[in-house]
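You will see subunit A twice below: alongside subunit B first, and alongside subunit C after that.
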Partner chain A sequence: MSTKKTTFLLLASVLFIAPALILVLQSLSKTWRFQAGEGFTFSLNSYQTLLSDPNLWTATFWSFTVGSGVLIVNLIIGILTGKALAILSFKGKSWVEVLLLTPILIPVLATAMGLHLFMIRAGLADTAAGVMLIHLVPTIPYSIKIFHNSYNQMGRLMLEQPAILGASPVRQLFTVELPLMKPAVRSVTFLTIVISLSQYAITAIIGGGRIITLPMVFYPFLDTANASIMAAFSVWFAALPLLMYVMVELLMRFLPYSQTLRRNRT
Partner chain B sequence: MKSLKNRTSLLLLPSMLFLLLPLYGMVAAIHQSFSVNNQWTLQNYIQLLESERFVASTIFSLKTSLAATLISLVIGLLLTRYFYTFLERNTPRLMVWLPMLFPHFVWGYMVILVLSETGVVSQMLQAAGWISSSSEFPVWTRDSQGIGIIITYVWKEVPFVILMLLPVYSSIKSEYHDLVKTLGGNRWHRFKTVEWPHILPVFIETFLIVFSFTLAAYEVPALLGTTFPEMLSVLSYDWFYGSSWDDRPLAFAAMVLLSLGVILLTAAAYLFLNKKRWKAMRGRST
Partner chain C sequence: MKKILITTTILAIIILTACGNNESQQPSFNETTEKDWSEITTAAEDTTVRIFMWGGDEGINQYMDDWVAPKLKEQYNVTLERVPMNTGEILQKLQTEKQASKDEGTIDIIWINGENFKNAKNNGLLAGSFVDTLPNFNEFYQTDDPAFETDFGTPVEGMEAPWGKVQFVFLYDSAKIDTPPASIVELQEWASNNPGKFTYPNADDFSGNAFLRHILYAKADSPADIYEQPLDKERISETAGEVWNYLNQIEPDLWRSGEHYPNSLTELDRLYSQGEVWMTMGYNEARAESLIDEGVFPETTRSFVMEPGSIGNTHFLSIPFNSSNPEGALTAINFMLSPEAQLAKLKPDYWGENSPISIEKLPDDMKNKFQSVERGNSVLSQQKLEESFLPESEAEYVEWMKEQWFDEIAQK
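Then we have the complex of A and B:
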């Protein structure tokens, strides 16, 4: 093994693996007090306490619902816009690309505060639909970028071929584009869910304390729960993106050219 | 093919509809920042700029997020530069991206768990006898210097910087490096003449994304900051959601100023990049 590789593995382990590992280990142990000689003592109490909290389950339900909705809209807008940007060339296209990036540059807190009155008037405040809408703001730009890159890599010829053969746009999408864009779909799934799970302030503003998502429960927990329970809660946050990933992966099995479930029917 | 193109532009429609959302939000925020009791006024801005809390918070926010952004970019650039051949493989790449699986505030909690005065590192130092009590451990979380906020952001954004830079580094043809080597250039020349021009657009874009995010995000400072000085986001959220409704216009004014700053910075960056691109194209054609 070269020294470069060793250095890399060492750095990556300390910087990126160790923190996650510490969270997992602390969640599976009683709260550490190394200075008193109390090290790792295996215990599942933290998860028992955490999972017996009814608030956690409602919050998980809302986070999952909001996240799924946000993901579906992200996939639709991301794919349509990505395809358009990859095919079209027009004057000022680079400015349109900048424009599509601005929602993540402008403070999303400003957008949420500005939209608050509108949401109340439209009856969207305090509803899951309103929270989904506001979660679109920090996610859509990333999805567009990812699908734009993906379509660019596929190349114009690959996109023109099915069109020339007379396939409808939907059929083009499901038989040619989506099977080639599986990695992009995976990235979008991950990013969208994690970003949606990360929003406390804008969810509080638009959800008005009615739509309780996981972050809404996490902050108050900090004052009362011990390190072990907080670590378990932290691990719980990573479980949701993984669950969503597995679900998307299973759905993608239905696409043509996948190994199982569906043979290439014509 | 003409009709195909016309139909294709319809695909842009949903994203243009989506853009109405932040646009409306921005316009409404501007509108409310200029109004008191439905009357047009500059009063909110005057009150804001005279508020010591706001000025201190602005300086603190700029310092903290600039530090976090620059440190993340430098570390991310160095890691990508030295290890991009490994990072092209799956397992090393997933190792680096592991922190991206967690929300920012969860990572913030991890920093508290590990680096607070009673955290894992402090406990280990005590157990090893290097320090005798937790009060000897430096205050790195919930501190007035923003150290905890900076550590959390750097730790969380370095993987993002790598995510942005890696494709660019992978796409640099090795012939360019060979050329510089043949002409007697050293490592620094290679970076300056080959890598830097390649990565500059993405580097600037990454800077803008990370800087504007760390400048205005609420979650991490709410967890790891103190009450004074506080980040602009925390202050504005307080004004928006605080006990008194009178402060709400101040929240709007603060957010509008912040957005204006970010928009100006973005416009400047893209004008600079376009000018560069234009120069490069002209250089090639003559």
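Then we have the complex of A and C:
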């Protein structure tokens, strides 16, 4: 093994794997009071507490539903807008690009206040659709940016070729664009789900307590000195994006040429 | 392109502002509270009541989910749904709903006190006066108790019903400390003999601020000078000077020589849990019990209070202005104030929190049950707690102490 590789593995295990391992261990034990010279006692109490929370399963369900919805909308809008920005040229294009990025420059909470008022009138407050909509605010700009870059990298020629060969835009999307944009889809999936999953305040306000997501059950526990419960919640919390990531990865296998691409890359 | 943009923007602004504030005062809540109690409970049958409350303590959550909700279902056929949400967000939501004139809200009961109550009341976010309607309140509570008539100096006017009572205590590890300090002078001595083993959360934190108010009470000629008077900076400037003097003197002996203060009580609790400091503190005289049980605090944790006493406050249940089920809310609140619900809350099994109920008004067998509850080794005796009880000062003091603390202590 080369020194470079060893250094990488060493750094990765110290900085990433070890902390995650400690988290998992903490969730399986009583709060470890190591500075007080206390030993490590295994205990499943924190998972019992976690599983006994009657809101846990509803919250997980809603987080999953909202996250998936937000992801789908993000993919659609991101791909369409990204492509448009990459291949069209029109007057004021740079302004549109800036405009599309503004939601991440303005604090979401500020947007949420105004949008809440609007959603009450539109009948979207306290509904899952409303929550998905508000979760689009902090996620869409990233998706557009990512797909925009991705289309830019692909280049015009790659997009013109299938058109010349007579493929419809949809066919073109599934046979050429998506297989080439797999890394972008991965990034968007992960980013979107993690952002959507961790919104507390805006979900609470727009969801109005009808839509209870994981952070609503989980965040108040930040106020406790019981590190085990926090750890158990964190492990649970981390499992959801991983699960959804795996699902998207499986779905991508259905894209044409997936196997070939996989072989060719390395 | 540009034109479309401008038109849509203008349209959006019109939509957002035009259907503005047509505040319709709904008299229906008063009508509800004037009904006969039996009518109210009948109307509440087979309905769902949503209580929105802070959800960060699993003892409290379990008390609501495993005890209150099933009993309420059984006795009144009312389904109770607990929704975890921080009080700040709840008020924000209500505020916007008020602006949008949304009369059918999702919240039926909120758990509230102090500053939040003041804001909610002043902004008209509460339904109105209702405590006189509750049979259990009239029968088992001392209705004219000053602790129920004002909440951090804000007149309650029947808009919230007392649900619980907590008192500020200090916690210490009896394995490391034989006799805890009995006054703030002794605390200073103790800190200089044990440098680095004491600290308090900064003034931004609710509990840290309460610690500062204890020093203020102690430095005043009598604590009543503070809690019976509105904030008058001129009048208490001398007392305040002594407070900052004391805190500056004690600072070098604090944890990390006072260069850094814990940002929250949680941080202080963690330091205590790790044995970095030997004392912690907090509202709720029984708060150590569950933490000892979970193995977060050492089993030798005990509590103490110092001269001239310990500050306590009451927390309340209230009904928001747009509750869609006020009858259900009244039924549920009345039940939560009942002796049996308060007894279950007092027992250390779930929450272990003190009750605002008047024990002398209870029937004999209930009285015995209340008096025989074992609250745990870390909890001081009821007598000791009552003797040292001091009421909360007005809410202005909290804000003022915070600002002053940052000027006088944190920035030096």
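To be clear about the criterion, the second predicted complex is superposed on the first by the 231 of 266 C-alpha atoms of A that agree within 3 Å, B and C clash if a C-alpha of one lies under 4 Å from a C-alpha of the other, contacts with A are read in each partner's own complex, and residues count from 1 in each chain.
Methods note: contacts are C-beta pairs under 8 Å (C-beta built on N, C-alpha and C of every residue); 3 or more make two chains touch, one makes a residue touch a chain.
Small disclaimer: the values here were computed from a predicted structure and weren't measured.
*Asks:* Give one of first, second, both or neither to describe whether A:Thr3 is in contact with subunit B, with subunit C, with both, or with none.
*Replies:* neither
*Asks:* Now for A:Arg33: first (subunit B), second (subunit C), both, or neither, which partner does it touch?
*Replies:* both
*Asks:* Subunit A residues in contact: does subunit B have more, or subunit C?
*Replies:* Comparing subunit B with subunit C, the partner touching more subunit A residues is B.
*Asks:* Contacts for A:Ile205 in the overlay, against subunit B (first) and subunit C (second): which applies, first, second, both or neither?
*Replies:* Both partners.
*Asks:* Going by the contact rule set out at the top, does A:Met113 touch subunit B (first), subunit C (second), both, or neither?
*Replies:* It touches subunit B and subunit C both.
*Asks:* Of the two partner chains, subunit B (first) and subunit C (second), which one does A:Pro220 touch, if any: first, second, both, or neither?
*Replies:* Only subunit C is touched by A:Pro220; subunit B is not.
*Asks:* Answer with first, second, both or neither: which of subunit B and subunit C does A:Pro54 touch in the superposed model?
*Replies:* After superposing on A, A:Pro54 lies in contact with subunit C but is clear of subunit B.
*Asks:* For A:Lys91, is the partner it touches subunit B (first), subunit C (second), both, or none of the two (neither)?
*Replies:* A:Lys91 sits against subunit C, while subunit B stays out of touch.
*Asks:* Contact-wise, after the overlay, does A:Arg121 reach subunit B, subunit C, both or neither (first, second, both, neither)?
*Replies:* second
*Asks:* Using the superposition on chain A as set up above, list the residues of subunit A that contact both subunit B and subunit C.
*Replies:* 33-35, 37, 113-114, 117-118, 201, 204-205, 219, 222, 227
*Asks:* Show which residues of subunit A lie in contact with subunit C when the two form their complex.
*Replies:* 30-31, 33-37, 41, 43, 45, 49, 52-55, 90-92, 113-114, 116-118, 120-121, 125-126, 201, 204-205, 208-210, 212, 216-217, 219-229
*Asks:* Quick one: which bits of subunit A touch subunit B in the complex? Just the residue numbers, please.
*Replies:* 4-5, 8-9, 11-13, 15-17, 19-20, 22-23, 26, 32-35, 37, 76-77, 80-81, 83-85, 87-88, 94, 96, 98-115, 117-118, 133-134, 136-137, 140, 144, 149, 163, 190-191, 194, 197-201, 204-205, 215, 218-219, 222, 227, 230-231, 234, 237-238, 241-242
*Asks:* Where on subunit C does subunit A make contact in their complex?
*Replies:* It comes out as residues 1-2, 15-16, 19, 50, 52, 54-58, 61-62, 65, 82-86, 89, 92-93, 96-97, 99-100, 102, 106-107, 264, 266, 269-270, 272-276, 291, 294-298.
*Asks:* Quick one: in the complex, what on subunit B touches subunit A?
*Replies:* Listed in rising order, the residues are 4-5, 8-9, 11-15, 18-19, 21-22, 24-30, 32, 79, 82-83, 86, 92, 95-107, 109-110, 113-114, 120, 123-124, 126-127, 134, 155, 158-159, 167, 205, 208-209, 212-213, 215-219, 222-223, 233, 236-237, 240-241, 251-252, 255-256, 258-259, 262-263, 266, 270, 274.
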